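Sharing a structure below in structure tokens format, with a few things to ask.
All chains are identified by letter, namely A, B, C and D, in their written order; residue positions are counted from 1 within each chain.
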């Protein structure tokens, strides 16, 4: 008996659910959960099913592919721990939250390493027996520094996700291209408000009454990748920007961990710079 | 071309989605939206599909019934305005919110009448050309008063829902039995906290930091029916109970209107004193 | 016995609270509530006290002015209904919410008139016996149209606030200058995200997971005035932009009414394009 | 130059602010922040001021006491790290959150020890160099077990707070009496809903659409002490009680840490089983 997560995206047409559910039925599979969504605007169909039963992954996969329109996306995934690399700079809260969850066995993930441009967080990370790699940017051009990081990441096998847990340096398109669709970031504002540097200062200057955090995949345009999760908290006139920053940390860490969990459970589809989340 | 909302609840077994989607496919129906849920604890399957195409309602319904286990619940509903009666006492906010939405054409509903035990709200209701019926409880025993209300409601045909928009008298089991599964109430607390009279006073006395409102169907046990929607707001020590009451109104009206909209769109399943909402 | 709201803003220096509270004490006033805030960054002191007792307004005011640094702002206000004019276009929800609250006696306000560029809302407004004035923009240049509105507003005496309850036309600097610090707007996004036209469409295109609404005073830069109140709701991939728009209405109306209430109760200070709210 | 937090609670009467601010003014103190609240119902006055300047603590304190009605509460506190003991059982999230914040230097606290009835958390706590004490309840009567804990706590000097970070055993009145007003608990429900064991199961059975967590001081009646902070999250029909439990952890840890921070910064007044929080 195996369990599979079946993820399908296809151009919508009549009968898709019928065809897929027929395949499940013919193999006598249990459907543990099933979610569908049709985006009428783009005519796209999305489906995530969790099934268990007695069928080989390749067989299930090829039958589904055969039943669907050409160019459909089909993934049949066996649940197992994914491999992640975390990048951070100096702040402890987002990284610490992931480390505690990992320690508690809450995450379907192996943390291969934490990479930082400073050694400030080494003491924390080492406590958990996790590999800490300092790659200082000092004295290096941006491209040289990134080359070292890329090389380091590529020294690990089967990296599923790179999680930017408050990594405070801008990534170049070359870096992003090297790990397409694999980089997840927490931005410390309610995007698309306050793109760029020091969003809490920007929020303070604008006199907002709510601040937030946004977890998103990273694409070439800074802070403009597909949004996975957002959360907010209320503030008032008594909050200076450092108070906002302090309070914002609680939102940042919760949102990043929530987004990471969704990715690890294969619940996210990305298309047209947006996400469908089941 | 007709549009139908298909609502199914059944004991779960393999192949349900397959069977139902086959029927849709064979009639060449478009699936406009499709939601499923299996409650593993009770082994119950729920499905709500919106389809359009060229098939008679009775035909679609009987085919689905034939395909499912016995004792399954199957409803095939043509979207149209439902008939509602609103009951209120003296407060204007929840009733007013429904009247404005109705006036704006936001509700799939005809308001047959507003029934109150006072005439305070007549002036408001009459502005909107809606029938206002005062049935005073003064000088009447509870059962006599309820008999008059029941009689009045029964003088209307095809009443789909009775909406208690801050109707402040307790209903007896007889009344509830007369309109089983049709009565929706807004309770001015975050149920099950503060059941009974003056929940804001209770909340104040308990020193809570959050207050809320709960829309629910009414069954024989006061404030214990299946919950449809809940919402909360933060309060602090500066709120006396009348401040809580004032602030709570904004939550009450929004939650009741949201619950009513869900009911009018046939999005609610009730079972085991809980709701499944698609 | 009179009640006063005392509003003070001053450059901060030692002894301000002492000096003001001495004046209250010397007149044997009750302090019903008292709030203070010092913005360290700008060295500004803000205070709102509600007092009652036996003193003339002019006397209290002049004593406080004498005790404070020059150029301090001092207002001593007797609570009474303020005069408001509402501007709207075609949407009913925000306007309707204010009308119902007004009818329920919740607002410390007289509604002098509703001005719209269409007659769509006349039927609703007239129900409440409120003056409805249609000033169509058709065939007029923007400046001509605004002149007519300005003229109409100026035909009323003592207008305290102009409330833009989804008035969908852009106001020119001339209009804003004519009613400085008196115009309150509801913007249907979580500012500063999605400035400008159709923010729900913008929000949809960006794939956000939260939408919001912002009540703010209007200054010359569109959507950039001081923020009074903000609120948000969660959305997901199943929301098209029209769904966002529909759901957003509930937030818009609640936020605008909340901001209006704060203004009517003299709880808002504006400085440096931000608000202090007691 | 010293900084003090001045906390005052007194029966309200005219002139309190005047008298206290006079003392501050006469000593030429800066008022860094100032909050007041009068509970009209109970006629109680509360004030928290942060001042700095050149005055001895005892002098300031005795002057304020002399100026106020007898039986007033007056505390003049120099900001410094408070001593806390954490009690936990097996769950990692709330404890882990405090440990990470402590490590990050966010908490004004020394963690003297973590006491648990199991050794499950020893590995985590030891990583942070914090004293871990296992006091198993096995084979002991409740009173014996509590005696051992009381003895252990009393072996530390100057314990300011005992933080129950998901300590899953009921405390007897004797234990509570031994550490009056010092015990803070996180209850995994939105109190007063779901008092007692397994609140998530209770919440699931009731079919709620929102779950929450409550941080409160502990008094003799289980789960009925004064509430410090509450927070909620939305759930839906797809949440079994274990899903609620999992999601609830994020709320629990954030709420407990927020309440702890308020206590460490001397922002909480307790009276009449409620809290005033500045």
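Going forward, a contact is a pair of C-beta atoms (placed from the backbone, for glycine too) under 8 Å apart; a residue touches a chain by one contact, two chains touch by 3 or more.
Keep in mind it's a predicted model, so treat the numbers as computed, not measured.
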item	value
Any chain that touches chain C and chain B	A, D
Which of A-D and A-C has more C-beta contact pairs	A-C
Interface numbering overlap (same over half, different under half) for chain A and chain B	same
Distance between the centres, which are taken as Cα means, of chain D and chain A, whole angstrom	35
Computed distance of Cα centres, chain C from chain A, in Å	40
Overlap residues in chain C, where contacts from two or more other chains coincide	none
Chain C residues within the chain A interface of the complex	37, 39-41, 190-194, 206-210, 212, 226-232, 236-238, 240, 272-277
Interfacial residue positions of chain C with respect to chain D in the complex	14-15, 17-18, 21-22, 24-25, 28-36, 38, 234
Footprint of chain A on chain D - complex, ascending	91-93, 96-97, 99-101, 103-104, 106, 124, 127-128, 246, 250, 254, 257-258
